[in-house]
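In this document, chain identifiers A, B, C, D, E and F correspond to the written order of the chains, with residue numbering beginning at 1 in each.
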Amino acid sequence: MFFRQRQMAYHAKPEKPDPLFAKMLQEPLGGQWGEISVMMTYLFQGWNCRGPQKYKDMIMDIGTEEIGHVEMLATMIARLLETSPIEQQEDMAKNSVVGAVMGGARVEDAIVAGMNPQHYIVAGLGSRPNDSAGNPWTSAYTIASGNLLADFRFNVTAESQGRLQVSRLYNMTNDPGVRDMLSFLIARDTMHQNQWLAAIRELEEDGLEETPVPSNFPQSLEKSEVAYQFLNHSEGMESQQGRWAQGPAPDGKGTFTYVDRPPAYTEDEGQLNPVDPRTYGTPPAPVPPAAAE
Amino acid sequence: MFFRQRQMAYHAKPEKPDPLFAKMLQEPLGGQWGEISVMMTYLFQGWNCRGPQKYKDMIMDIGTEEIGHVEMLATMIARLLETSPIEQQEDMAKNSVVGAVMGGARVEDAIVAGMNPQHYIVAGLGSRPNDSAGNPWTSAYTIASGNLLADFRFNVTAESQGRLQVSRLYNMTNDPGVRDMLSFLIARDTMHQNQWLAAIRELEEDGLEETPVPSNFPQSLEKSEVAYQFLNHSEGMESQQGRWAQGPAPDGKGTFTYVDRPPAYTEDEGQLNPVDPRTYGTPPAPVPPAAAE
Amino acid sequence: MFFRQRQMAYHAKPEKPDPLFAKMLQEPLGGQWGEISVMMTYLFQGWNCRGPQKYKDMIMDIGTEEIGHVEMLATMIARLLETSPIEQQEDMAKNSVVGAVMGGARVEDAIVAGMNPQHYIVAGLGSRPNDSAGNPWTSAYTIASGNLLADFRFNVTAESQGRLQVSRLYNMTNDPGVRDMLSFLIARDTMHQNQWLAAIRELEEDGLEETPVPSNFPQSLEKSEVAYQFLNHSEGMESQQGRWAQGPAPDGKGTFTYVDRPPAYTEDEGQLNPVDPRTYGTPPAPVPPAAAE
Amino acid sequence: MFFRQRQMAYHAKPEKPDPLFAKMLQEPLGGQWGEISVMMTYLFQGWNCRGPQKYKDMIMDIGTEEIGHVEMLATMIARLLETSPIEQQEDMAKNSVVGAVMGGARVEDAIVAGMNPQHYIVAGLGSRPNDSAGNPWTSAYTIASGNLLADFRFNVTAESQGRLQVSRLYNMTNDPGVRDMLSFLIARDTMHQNQWLAAIRELEEDGLEETPVPSNFPQSLEKSEVAYQFLNHSEGMESQQGRWAQGPAPDGKGTFTYVDRPPAYTEDEGQLNPVDPRTYGTPPAPVPPAAAE
Amino acid sequence: MFFRQRQMAYHAKPEKPDPLFAKMLQEPLGGQWGEISVMMTYLFQGWNCRGPQKYKDMIMDIGTEEIGHVEMLATMIARLLETSPIEQQEDMAKNSVVGAVMGGARVEDAIVAGMNPQHYIVAGLGSRPNDSAGNPWTSAYTIASGNLLADFRFNVTAESQGRLQVSRLYNMTNDPGVRDMLSFLIARDTMHQNQWLAAIRELEEDGLEETPVPSNFPQSLEKSEVAYQFLNHSEGMESQQGRWAQGPAPDGKGTFTYVDRPPAYTEDEGQLNPVDPRTYGTPPAPVPPAAAE
Amino acid sequence: MFFRQRQMAYHAKPEKPDPLFAKMLQEPLGGQWGEISVMMTYLFQGWNCRGPQKYKDMIMDIGTEEIGHVEMLATMIARLLETSPIEQQEDMAKNSVVGAVMGGARVEDAIVAGMNPQHYIVAGLGSRPNDSAGNPWTSAYTIASGNLLADFRFNVTAESQGRLQVSRLYNMTNDPGVRDMLSFLIARDTMHQNQWLAAIRELEEDGLEETPVPSNFPQSLEKSEVAYQFLNHSEGMESQQGRWAQGPAPDGKGTFTYVDRPPAYTEDEGQLNPVDPRTYGTPPAPVPPAAAE
C-alpha cells in the first residue's frame, strides 16, 4: 500500500523551455532503460520475492523511490514544453506554426520540425510514457525471474545503462535547472549501481546463490566438457588475448580453454522428416492432390 | 561476412514428438532471454564496438556461435512437432482433430488444446521466432550502448536468465534427446556467464571502464551528497541489514549511509503553469471560447 | 514522492492454488483495462495536470491507490501458483510434468496444458506484468491529454471495463479467498465509476469544460451543417429509432436530424497526381528508365 | 457486406503541399484516437452486439462512416506529400536532397529533417497506417466488450480525444483546404460525442444497463463498505473539495464519504511461501545443490 | 465513401459451438495473413495509388470485399462461442467453470483450459481483432509502397498464406457449417491469387513496371558484376542444382553464375574510429576522466 | 553452425559523416523490409524446410549472405555517425549541442533536430536494430509457413520492396561511398528477385507446388462457383478493363467472369443469440440483477 507526499524528491525546474530537449528527455522517462522500467522491474521483483525479508524490503524501497523519479522527469518535461513555440509568435492570429515554417523560413521554426509532435497533439504539452523516438513503454523491458542473483545482475545493468544515458543527456543541454536535476539522477544511479553490486555480494555470502546461476542446478547434469571452452568462431586469434580464454574461470569451478576451430559435436545436418500431407507444406517429393476430407 | 557449415553445433533430436513441450521450448528460442536475443545483442555490440580489437573479436565469436544455437532450437522444435497429433489418429478421414476433442473426449486430445495453434496453422509444424506465449521477438530485448561495461553487465544477465530458463525446462521433460541438447545449452551458458564476468575484469584491468558506469563522467558534477545514501521508502528497518546500507561501497569511492525517512530535497510540488489556450487543455480557471483562428 | 506501508490494502490469499486461474487473473493486472493501466493513466494525468489543485490531488490519490491494487493482484497470482503442479507429483524424480501428460495421461495433467508457460519458465511461479493471453503491458493503453473532461471520460470507461472483467472472473472461480479479494476490487470500481462521473459534473459546474470537448474551440469554425446529423450508412431504418436520431442533442446546442442516404459533399474521387519519378512508384503512364543519377 | 461510392465524403484537397504537416496528420489517421481506431472499434462492437437491433444498426452506421474518414485523411496526406521537396530543387541531378541539407545549408532544407522518412522511403509519398511518431496502428487501441454501456463510454472518450487532437491540428496549419477538411471532421466529432451520450441515455431508459457497470452483477456480493469511500492517499486535504468526496453518488445508490488516512484492511504483508526447489528461485534459506534429475 | 448491406457475403453459421476452434479461427481474422491484413493493405494501396484508374478501382473493389470477409469471420467466432461452456453446466450455482476443472476432473473441462481467456473476460464471448495466440493486429503486417508490382507481389503472397492457413483450419474441424464458410473463403483466395497474378501480367504488358523492381532505376548504376551471381555461403554444392544457379535469369537481362566460395569484395574489417569522449563509449585506450562540463 | 570472416562482403565507408542520412539508412537495416527481415525469414524457412535438399541449401545460402548485409549496414551507419555534431563545435565546453540550437540559431544545428536521438543517447553513435522512424524490429515481419511456394512469393516481395527502398535512398544522398555500397545492395536485390522467381519455376517444374497454393487441397472442396469471379464492389466499371476480369486465369484451371453488382449469398444478417447472463453483456431485453453467485 502506497502513500504520496506532495513535494517531489528533488528540483525539476528548467531555466527556460526547450521543446527539443523535452523530446530527448523522454528516453530516461519511458525508454528501455528509463525510470518506468526500473520502477516496474523492482516492484514486481519485490512482490514476487520468496527470499529473506531484508531483500524484499530493500527491493521495495528502491522501487518506491523510482516512482518519485518518474514524477520528477514527467514534471520537468511538462515544464520544458510550457512556454511552447506557439506562444512565442506574435503574429499567431495570421500564421500557424507550421505554416510559418514552410513559408516564413525562420531558423527558430526549424526546431519545431524536430519536436515530438505527440507532445502537442496528444498530450497538450505534457509528458508521455514513451521513449525519445516515440515508442510506447512496454513491460517487455522488465524481468522478475524469482532468482535474485539473475535479477540483481539485470538491475546493475539497468542502473549502468541509465546513468550512461543521463550522462549523455547532461552534455546535450546547458540549462542549469535541467543539469541540476540530472546531477541528482546521476548520483542516485551511482548509489544504485553500488547497491545492487553490494546486494550480489550479500547473496553470495548468505549462501543463497552463486555463479553459474542457477547454482542449485546440478552441474553433473550439464555437458561439462564444453562448460569452460572459448569457441573461436572467426578468423584470427585476437580473441585469445583476454582472460576469458585462459586461466581460472570467475566461478572458481573450472579453467578456460581456447578452441581455435570449434568442431561440430554431431553429424546431424538438421534434415526434417515429412509430415501429414494435410499440413500442406512442401514435401520431399510430389504428393497426390486428395489430401483433405 | 559469414559462412555456414551443414552440421549443427550439437545434437537436436528428441526421442519422440511432444507438441506441448515444443510450445515451451519457444521461450529459449524467441523469448526475451532466448537465443535470438543474445545473437542479435552480441552481433550489434560487436559491429558498434569502438574499443580494442580483442573485445570486438571476442564479442563476434559468441555472436556467431549463438546463430548456431538458434539453429539447434529451431530444429528441435520442428522435430518435436514432427509426428503431429494429426498423424496419430487412424480415423482421420472421419473426424478432425479438434472435432474429436470436443466430441470423442479422449485424454490425449486434451493436449491439443494446449498446443501453440500457430505451430500448425501458421508454420505447418515448424518453429516460430516467438516466445512460449506466442509473442513475436522484438529488438527491444537487446542493447548495444557503445559502453562495454554497461553492455557486458547485460550479457551476464542474459546468460543468467537464459540458463535459469533452460534449467527449468530441463525439469519439464524426461525425453533423453531433449535433455541431452539442454545439457549442452546449460553448459554453454555456464561458459558464457564466466566469460562475460572475466571480460568485465579485463575491462577494469585495462583501465577502460569501472564502477560507476560511465566512469569518465566527472563525479564532481553529480549531486554527491546522495551518491551513497540508502533511502528507506518503507515502514520498518529490515532493509538496513544488508551490506548495501553500511560500510564501503563496491566502487571503493564512497561509504554507504542509511537514511530512515528520506527528506524531499525541494519544496516544489510540481505545479505547472497555464499554457496557450489553443492547446485546449484544462486551465486553472475558465477561458473565453474564441481560442482559435 | 512516494512511501510504502507494508500491509496490503486488502486480503489477497486464495484458499488453494489454481495455476489456470492465475493465468486468467493476469487480465485485470496487466491487461488493457487492468490495474497497471489505471495506475499509469492516473499518475500521468496528475503529473501533467494544469487545472485547479483539487483535481490534481484527487487524480493523484486514486493513482496512488491503484499502485496498491497492482500489489494485491501480483501477490494473489504468486500465491495461486505457489503449490505448483510440480509439487503435486510424488514420482517427480522419474517423470517430468509434461512428460507425464504425454505418457501417463491423467486428467489433472491436462490442466498444465492450459497454464501460462511463462509463469513457470520466466517468472519462477511469480506474476507477470502481462495480460491473460501473455501480451506485455504497453503504455499505448493510457492517455493523459491535458483536457480533463476528455480524460475523465476515459477514466469512467476504464473503471467500467475493469469492473466488467472482474465480475466475469468472479464467476470463473469458487475459491472464497479469491472471491473475497475480487469483491473488494469490484466495490472500489463502483466507487471509481461514481467518482469520475462526479468529477465530470464538477468540471462542468466549475465552467472549465463541457460537451463538445474541447468546448473552447470556436464552434463557428466547424462545418456546422453536419454537426447534428445522423448519417445512415446501411440499408434499413432501424437506426432511426433511438434518441440519437431526433430531438435535442445532449450538449443543448443543436437538434439531431436523420439523413437516410447521406450524400457525398464533394465530387472529388481522390485521384492523386504523379510525383517525381525518383520515387519509383507506378505512374499513370510508362516513364523512361533514366530516373536516377 | 460493404460497397464503395467513388466520391469521398468531403473535400480533402490542400492548397499546397506540406510534408511536415503530413507527418502531423498521421495522428488522427493512425494514432491511438485516430479514425482507424474508431472504425475498427465500432465495426467489432457492431459485429459482436447481442443487444437490440437498433443499437447494432446504429453502431454499424457510424463504423461504416468512419471508413470514409480514413479515406479522406489518407488522401489528404498523399496530397500534402505530392509536390515533394525533391521536385522543388532545380539542381537535382547534382545534389541529393539530404546532401544539400548537410552542405548547402538552406533553411527550407531543414524541413526535410523533420519529415517522416517513411513517407518517402516506405510509402513513396503516400500515407501510412501509423501515428505521427511513426508507431504502427494496433488493435490494442480498441475495445468491444459485449457490454454496450462500457463500450459507449469508450466511444464518447474516443470522439472527445479525437476532436481535441483535430482542434489542435487546426491551429498548426493555415492552409484553407486543410482547415476546410478539419472543420468537417470536427463537426462530425461534435455529432458523435452527442450521439454516444444520447445512446447512453437510451440504454439507461431502455433498462438495459446503468451505473455501476455491469449493473446486473449483484451489489450484495461486493465489499459494500468501501463502495462509496474516497480514500485520500496523499498529504493535504484539497481532494476533499469536489463532489466526489461528499453527497450522493451519481448512481443514486450510495453516499460519498471521505477517508483522510485510509487504513489497510489486512495485516497481510504479502510474504510468499517457498516453492519446489526446481523452480530455481531464491529461497528463504540456502538449499542443497541436488535439485534436478 | 462506403455503404453497408445487412446480409453478409456468405453463410457464417456453425452447427454447434466450439470455443477451442473459435480460438483457432482468430488467425485468419486478426493474424499476420488474416482478413484485416488484406482489407487494410488493399485499402491503403488503393488510396495511395497514382497509377491508372483501372488499377485503383480494382484494388478498391477487393479491399471493400475484404471488409465483408472480416464480418463473416467475426460473426462465426461469436457464434462458436455462443453456447459457452458456462451454460453447459447444470450445477453452475455451486461450482465455477475453472473450479470444476481443478476439482471435478472431467475431460470436457480440459477444453476450457485451451480457450482464449480473453474471449470470455475481455470480449464477453465475442470475437477479437487478434490472432490465434492472442497478439493484437498491427498495421506492421501491411504495405502500400506506391509501386504496384512490388505491392501486387505482396498481395499474391498474402492470398497464398491466407489460403494455406484456411486449408489447414478446414482439417481441424468437422462442423459442416464452419467447413461451408471456409470453402467459400478458400475459393475467394483461389480467385484472388489468380487476380493478382493477372494484374502483374497486366502491369508488365502496360509497360508500367517489370523485374527487377523498380525497373526505372538505371541498372547502369548498380554494381552489375554481382547482379546475377549465386553466392554459395555453405559447405556443399547442392544449391547449384536449381535454375537459380545457371541459365538465363527470369528478367531476361542477365545470366546466372554460381560462385562456390564467394570472395569478400573489400579488405575492410569494419573497424570504427573513436568518437568524442562525451559519448562515454569504450575507446581503444583509457581516457582521462574530465570528459564533461 | 556458422563462422565469420573478418572482411565484410563489400565496402561500407562514407566519404563524410551524415547523421541525418544515418537515420534514413535504418530503414533497410531494421525496417519491415530490411536486411534483418530477410536474414531471419530465410534462416527460419531453411531450418523449417521439409522439401528437397537443394531448396534447403539454397535458402540457407541466402540467409547466411544476408547476415553479412546486416553487418555492412550496421557498420555504415556507425561511420555516418562517427564525426558527430558534437565534435564539430569548437566551443563545446561552453555550449551544449541542443542548447546552441535553441539559442545560437545556426542552420547546421537544425540538422540535429532531425537526428534519431537514440543514435546518441542509447547507442553512443552506433547503429540500432530499428527502422527509420525508431520502431524496434519485430519477427512479425517474417514468415516461414512450411509451404515453399507461399514463402518464395513472400521472398520475391521482400526483395522488391527492399530494392525499391534502397533505390529511393540512393537519391537521398550524394556521398560516393554511400552510393557505392547501395549500388552493391541494389545489385544483390536484382539477383535475389531473379533467384526467387527462378526458384518458383523450379518448384512448379518439380511438381511440388502450383497455383492456387496450397495446390494439394482438393479444389472439389472449395465453393467453386466463386473461385473465378471478379466481384465489383464499387460504382463504375473501370475495374472490368484488366485481364483479371475476363479470359483464362493464370492457374490454367478456370476463366474469369465479372460480376457487376455482387449478390449476398445468404439472407443471414449476422444477428447473434443471447448468452449466459453471467457474461454481463447487453442482452436483447432487460435481465434481473441476480446474475452471480
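We take it that a residue touches a chain if its C-beta (ideal position, glycine included) is under 8 Å from a C-beta of that chain, and two chains touch if they have at least 3 such contacts.
All values reported here derive from a predicted model rather than from experimental measurement.
Trainee: If I average the CA coordinates per chain, which chain comes out farthest from chain C?
Mentor: F
Trainee: Provide the C-alpha centroid distance between chain B and chain D, rounded to the nearest whole angstrom.
Mentor: So the centroids are 30 Å from each other.
Trainee: Could you grab the centroid distance between chain C and chain E? Build each centroid from C-alpha atoms only and quote it in angstrom.
Mentor: Roughly 26 Å, centre to centre.
Trainee: Residues of chain C that touch two or more other chains: which are they?
Mentor: 1-9, 32-33, 47-48, 53, 55, 60-61, 64-65, 71, 75, 78, 86, 107, 110, 113-114, 120, 122, 124-126, 130, 133-136, 138, 140, 143, 145-147, 149, 164, 167-168, 170-171, 214, 217, 219, 221, 233-234, 236, 264, 270, 272-273, 275, 278-281, 292-293
Trainee: Determine the shape of the graph in which chains are vertices and touching pairs are edges (line, ring, star, complete, other).
Mentor: Looks like everything touches everything, fully connected.
Trainee: Within their complex, state which residues of chain B touch chain E.
Mentor: 1-6, 47-53, 55-56, 86, 94-99, 101-102, 105-107, 110, 112-114, 116-118, 120-122, 124, 130, 133-136, 145-149, 203, 206-209, 214-218, 221
Trainee: Which of the residues in chain F come into contact with chain C in the complex?
Mentor: That would be residues 164, 167-168, 170-171, 278-280, 292 of chain F.
Trainee: Under the definition above, what is the set of chain B residues touching chain A in their complex?
Mentor: So the residues of chain B touching chain A come out as 5-13, 32-33, 53-55, 57-58, 60-62, 64-65, 71, 75, 78-79, 81-84, 86-87, 92-93, 120, 124-126, 135, 138, 140-141, 143, 145, 147, 149-150, 153-154, 156-157, 160-161, 163-164, 167, 170, 179-180, 183-184, 186-191, 193-199, 201-202, 205, 211-214, 217, 219, 221-234, 236, 238-239, 241-245, 249-251, 254, 256, 262, 264-270, 272-273, 275-276, 278-281, 293.
Trainee: If we count contacts the way the header does, which residues on chain F are in touch with chain D in the complex?
Mentor: For this pair, the touching residues of chain F are 18, 20-21, 23-24, 27, 31-33, 107-108, 110-111, 113-114, 131-135, 164-165, 168-169, 171-175, 233-236, 264, 270-275, 277, 279-293.
Trainee: Looking at the complex, which residues from chain C come into contact with chain A?
Mentor: By the definition above, chain C touches chain A via 1-5, 7-9, 30, 36, 40, 43-44, 47-48, 60-61, 64-65, 67-68, 70-71, 74-75, 78, 122-130, 136-140, 142-147.
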